[in-house]
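Naming follows writing order (A, B, C and D), and every chain is counted from residue 1.
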């Protein structure tokens, strides 16, 4: 069982009406995507064609930042605020979509963009699933 | 002239149609609010009535995280994506509003909540002003 | 294979003399520990005895922040700087040790502190192993 | 009076033996440097010679991350841990020094690297001053 799952199990109060499984999946997807985007930005920096990848690097950095924030907000349950959670998730959907689209455009040439695009799509779906269940 | 302002002045390409003054104000408000919320969460932790401030602490932490992310996204201009910028700003407006409301409820008792609520309101307005100008 | 591992495999240049397996383990431990500490701070906030857990919450927050930074620094390989990597890892060892010690003191009463202390110990060891191999 | 200064003034307990003025200066320098490094990484991305600036971008990103973490750790006073504070400050000194050196090498060609190098030097000195006073 993952640490994120164990942390949900040991939270001392009720998690509210949230879908625990969708929440766990979304937390894990956010942290995974944050790491992938950070690494993809750096891998793009080390490509010989870095000059053609500057928009990809920038989108990677934005997506890493928003995924980190979303992963942290979702890891907190005290004083839950549905409007705040929804707004943060929507920003994350947008960031993941933008980054997945950008990485997909280079996925056939750069393996890191392929791996990163998949992580972004998983995170986008996990955020959307969680929004739909709120 | 602030460092954020100098960094805007030395950006090597065109900033696009963005309102430079609103952008600068918003970047500075995000970093200021992120610091204030981090400090307010900690100040609440040190209050004797911490048990009554747990929702405030949680909202402070969420707001600090979203403001940091927004401040970073706004500090980047390469490959600008209006949809992503707008979604991140909207999440920040929501986080600042939630935190300002929460801190305002304790502002008469706790000086740090008063200072933090004002920083959140400034950041909320700066983000909304920037959204309106996009 | 984890996404962090796939990102290392698709990095386009040489990773230098680094021990790839220790690096992967350390990146994953940093992100896992960052999430656990964020969740543990929040779980402590929701305990009835929150007033006795304020130092634990503060140490959780510091450890989460330093683990995030360390996880990001280790996810970058372009223009590697051994002195910077070592200093960041040493700060992470210190943060993880402080947080593990603090959480261990409450581990028998609070399941989240038990899970978090273990994540901190794993991360402390992974950082120390990587330092020793540099 | 800055918001960081107001937050220190409204902290409800004793700040311990810390030099309040050095602490305030260091908190402000960390946030300022984090912003400058984030913006400098992006400005480098938009330079025609981006291929020659990849190490600079990477160091900017590391420095931004470590400065953010240091600024947050210093904004907390509850349950102060001198060893943790010192280790985080030392990592920040190292990150600022590396980034200032890297940016200085391009300061005559790129105005953003000049502004960023100065922000890094100020932050390096503020962190070292605070370490010396602990």
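Here is the rule we use: contacts are C-beta pairs under 8 Å (C-beta built on N, C-alpha and C of every residue); 3 or more make two chains touch, one makes a residue touch a chain.
Because the structure is a prediction, the values reported are computed rather than measured.
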Q: Would you mind naming the chains that touch subunit A and likewise touch subunit D?
A: B, C
Q) Which chain's mean C-alpha position is the greatest distance from subunit B's? A) C
Q.
If I rank A-C and B-C by number of C-beta contact pairs, which comes first?
A. A-C
Q. Where the CA atoms of subunit A average out and where those of subunit C average out, how many Å apart are those spots?
A. 19
Q | Centre-to-centre distance between subunit C and subunit B (centres being mean Cα positions), rounded to whole Å | A | 27
(Q) Which positions in subunit C are in touch with at least two other chains? (A) 42, 45-46, 54, 57-58, 61, 68, 72, 76, 78
Q.
Show me the residue ranges of subunit D that touch subunit B in the complex, using the header's touch definition.
A. 3-4, 6-13, 27, 31-32, 34-36, 38-40, 42-43, 45-47, 64, 68, 71-72, 75-78, 110-112, 114-116, 119
(Q) Considering only the defined contacts, which subunit D positions touch subunit C in the complex? (A) 54-59, 61-62, 65-66, 68-69, 72-73, 76, 78-79, 81, 83-84, 87-88, 90-91, 93-95, 98
(Q) Taking the touch rule as given, give the residues of subunit C at its contact with subunit B in the complex, in rising order. (A) 41-42, 45-46, 48, 50-51, 54, 57-58, 61
